[in-house]
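Below: a set of structures, written as structure tokens.
Note that subunit A is present in both complexes that follow, paired respectively with subunit B and with subunit C.
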Partner chain A sequence: MTDAKTIETRLKEEAKKLLESGVVSVVLGYGPGYDEKHPMPFAASTPEEAENLVFNEFCTANMARYIGRYPAGTKLAVAVKGADSRAVIVLIQEGKVKREDLVMLGIPFKGLKDQATGREIDEKTTGATYNPVIYDVLLGDLIREAAPSPYTVLAELQSMGRDERWAFWEKELGKCIRCYACRKACPMCYCDPCFVDQTRPQWADKSPNIQGNLMYHLTRFYHLAGRCVDCGECSRACPVNIPLYLFHKEVARECEEMFKQKAGMDINDKPVMVDFKVEDSNDILE
Partner chain B sequence: MGFEPKIQGIACNWCTYTGADLAGTTRLKYPQNLRLVRVMCSSRINPSFIFRAFQLGADGVMVGGCHPGDCHYGTGNMYARRRLAITKKILDFAGMEPERFRVEWISASEGKRFAEVVEELTNTIKELGPQTKFKIEK
Partner chain C sequence: MKKITPEKFPAFVSALLGKGPLWAPVADGETVNFTLISDPVQVTLDFYNTTLSPKGVFFPQSEEIIRYTLGKERIESEAVPTDVKPQVVLGVRPCDVRSFEVMDAIFESGGITDPYWKKRRENTAIIGFAFDTVDPADFYNAFGIHAADERGSDLFLVKQGPDFLIKAITKKGEELLSALGLDDASADDEKYYNEKIARGPELKTRTINLEGAPDKLTRAFDSPYWQKAAMACISCGTCTFVCPTCHCFDINDETLFRKGARRRLWDACMFTNFTLEASGHNPRTKVSQRLRQRVSHKFSYYVKNFEVTSCVGCGRCTRSCPVNIDILSVAEGAIKEGEKQ
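Let's look at the complex of A and B:
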């Protein structure tokens, strides 16, 4: 695996080259935060600004989140790690951005660390995609090691009884303060307005109580079915540490099992929820 | 008095709702626990309807649509099938008994089948007891 320092140097070089030649107008990458352990999302729009780009193991943010902030047709370069590249693919599938408007700077990386805890993000949380799925420029060597299954962590919840599982989610979702940081961090949550902000009909109670939280989170889990790329940004953004990724993983697993398609792996696929197959079995409803 | 469940039915206009009509006109008996809402197609059903029904006090939810391949609009129920399948898995993983949510394909000529399904679902839910997990306390 190429180390983070080398990736950072190559990221700066590539970004400078792209901005100088005018191929792109903005490079989405990571910039310095208040210290080394807290790099922030950063958009460089001049070659000088590109000098500020950084990359280290704390660069967890999913830069696919910021693509939608630029008007359609803006030429962008995006630094993408494994899961981020899958997020970009889903955005392309959904027509939010065009492939030809993007230059993807692929970063193969294993061993990201959580900014808040400093712990490594492994497949038990959300670190099971090492290599970018699509890229134009590769900033490090591809990781040969096979990525582990992201779903092993679900075994515990699946083995629980229903009442026990309900108790677990009631406790976890009951903590939610409805800051909507999960929605803000998610590269797939781009609806305007979000269903939870609608007042006619008002789907969910807006005050933080278990019923309102339940409605918000269950609907959000459904909206991300077949689209969630397991980047884990929602769970890391959460100020009260709700393990949202567990539910997203379960929904992703079910989608993979039922529809034989993993989210964000092929630019030509359609997301499973806006597609159907005549051969889909009625057994999936059991 | 035993427990009488409230069941929210959502039925497509062309098949299940007409099937329910047929059950009525042929004077078949089925439990009165079902409250049926008509939608134009099963793909009109937003999964949030189902979560919301449970929150507003339904003990069970039944969704009826045309048999796959027979949709009045061609492919609506094929989309609905995927959506409702995921909805069921979400309910299950959240800890709700998936038996409380039932999707049935009932055509306009299956009045008898409609009555049977309602009967079955009512009995299942009577055994499960009142739904308290999602219900908003009032």
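Let's look at the complex of A and C:
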């Protein structure tokens, strides 16, 4: 695997080239934060600014989140790790951005670390896709090692009975303080306005009570069915450590089982929830 | 001064519980938060600082003001009484203790008195708790607060190896302490405690020069700096919800079938809806405008209104921010911009 320092150097070089030649007007990547363990999402728009780009094992942020900030037609370069590239694919599939407006700077990487705990992030929290699915420029060598299944972590949840599972989610979602960091960190949460912000009618209590929390999270979970790329940003953003990834993984697993398609793996796929095939599984109706 | 050994700790918590409702740090996985406890085993004092600030003790995230029933002809409603029993909050860090004083400015002494805040403040005894280490995000030294600052606490705790030393700071604290049946501390213990307090300022946090900050920030209002500073901001409400001095709220009617309540809820200037007007107009549609508001409110507007900065440097917003926006760096950058203007 190419080390982070080399990736950083190549990221700077590529960004500078792209900005100097005017191929793109903005490069979305990572910049320095208040210390080395806390790099920040960063947009470089001049070759000089590209010098500030960084990359290390703490660069967990999914930069696909920021694509929607720029007016349609803006030429963007985006630094993408495995899951991030899948998020970009979903955005392309859903018509939020055009492939030709993007230069994807692919970062194959294994061993990202959680900023809060310093522990390595593995398939338990994210899809652990090491290689970007699509890219225009590769900033490191592709990783030959196969990524582990993202679903093994679900064993415990699946072994629970219905009541036990309900109690688990009631307890976990009961912690929610409704800061909405999960939806804001999510590259796929771009609805404007989000249903939970609507006031006529108001779909969910604004109080962080259990019925309001369930209404918000369950709706969000299902709205991400077949779209979630398991980047883990929601769970890392959560200030009270709700394991949101577990629900998203379960829904993703079911989608994959029923529709034989994984979100963001092929730019020519249609998202499963907007597509219909005669041979589609009927399990969804059960 | 009294001493609490690990064996006596549960008895100490039980004695506090005997005095009324008790808020204490409770661990849930890796998160520690102030919780209304019922059993001494729930309490942990093995934490750096809580994820959420203790402001919820006085200013709950959701507070019922009126309960109502929607009838065919009319609405039956009643005000929810605000009777608050004497309560205790245990293990509050010095910067958070100061935050209560900062919030008093808006809820009590700013001209309009908030009865909910005031009643709870009057009826609550605060047990402060000295820091032993410094997190890189903290900058409470900038506000004249030190790691073992007793100011604002009724009782103050200091860790001494496995034991705790506890001293009464106010009359309210003295009364509470004498009723807990704890063992007296020795002369050596007292010496240790006093030294710990005296050496509090030696534990250095980051700091920021806030001289002239209110005016400098006003001058930086139209600076393009804010767009740069807000590039990473995802506009969630984490910073304001974990903050001990963010106090903005919204009033909401929440009805289930025909029964409901009018509730006061925490709101956040980082939310798009925060400034959405009934007409549909929204004066703050950009993330940069909202980030500017949060920083300027704390370091400029609040100072102009109440002569105190609405920040205690607890470091929570920096630590909890999903994209690592550091309020100290942002404020520092904006102040510098103001100097240029």
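Assorted remarks:
One rule holds for everything that comes next: the second predicted complex is superposed on the first by the 282 of 286 C-alpha atoms of A that agree within 3 Å, B and C clash if a C-alpha of one lies under 4 Å from a C-alpha of the other, contacts with A are read in each partner's own complex, and residues count from 1 in each chain.
Quick note on the criterion: a residue touches a chain if its C-beta (ideal position, glycine included) is under 8 Å from a C-beta of that chain, and two chains touch if they have at least 3 such contacts.
Remember, predicted model here, so these are calculated numbers, not experimental data.
Shared-chain residue A:33: touches subunit C; no touch with subunit B. Once the two complexes are overlaid on the shared chain, A:181 sits against subunit C while remaining clear of subunit B. When both complexes are overlaid on chain A, the residue A:265 reaches neither subunit B nor subunit C. By the touch criterion defined above, A:239 lies against subunit C but remains apart from subunit B after alignment on the C-alpha atoms of chain A.
By the touch criterion defined above, A:211 reaches both subunit B and subunit C. In the superposed model, A:137 lies in contact with neither subunit B nor subunit C.
Annotation: subunit A residues 205, 211 touch subunit B in one complex and subunit C in the other. For subunit A in complex with subunit B, the touching residues are 157, 162-170, 195, 203, 205, 211, 214-215, 218-219, 221-222, 225-226, 247, 250-251, 254-255, 258-259, 272-278, 280, 282, 284-285. Of all the residues in subunit A, the ones that touch subunit C in their complex are 33-35, 38-43, 61, 65, 115-117, 175, 177-181, 183-185, 193, 197, 199, 205-209, 211-212, 233, 236-237, 239-241.
Touching subunit A in their complex are the following residues of subunit B: 47-48, 51-52, 55, 68-69, 75, 78-79, 81-90, 92-97, 103, 105, 133-134, 136. The touching residues of subunit C, when paired with subunit A in their complex, are 28-31, 33, 51-52, 61-62, 136-137, 231-232, 234-238, 240-242, 250, 252, 254, 256, 263, 265, 268, 271-273, 318-320, 322-326, 328-329.
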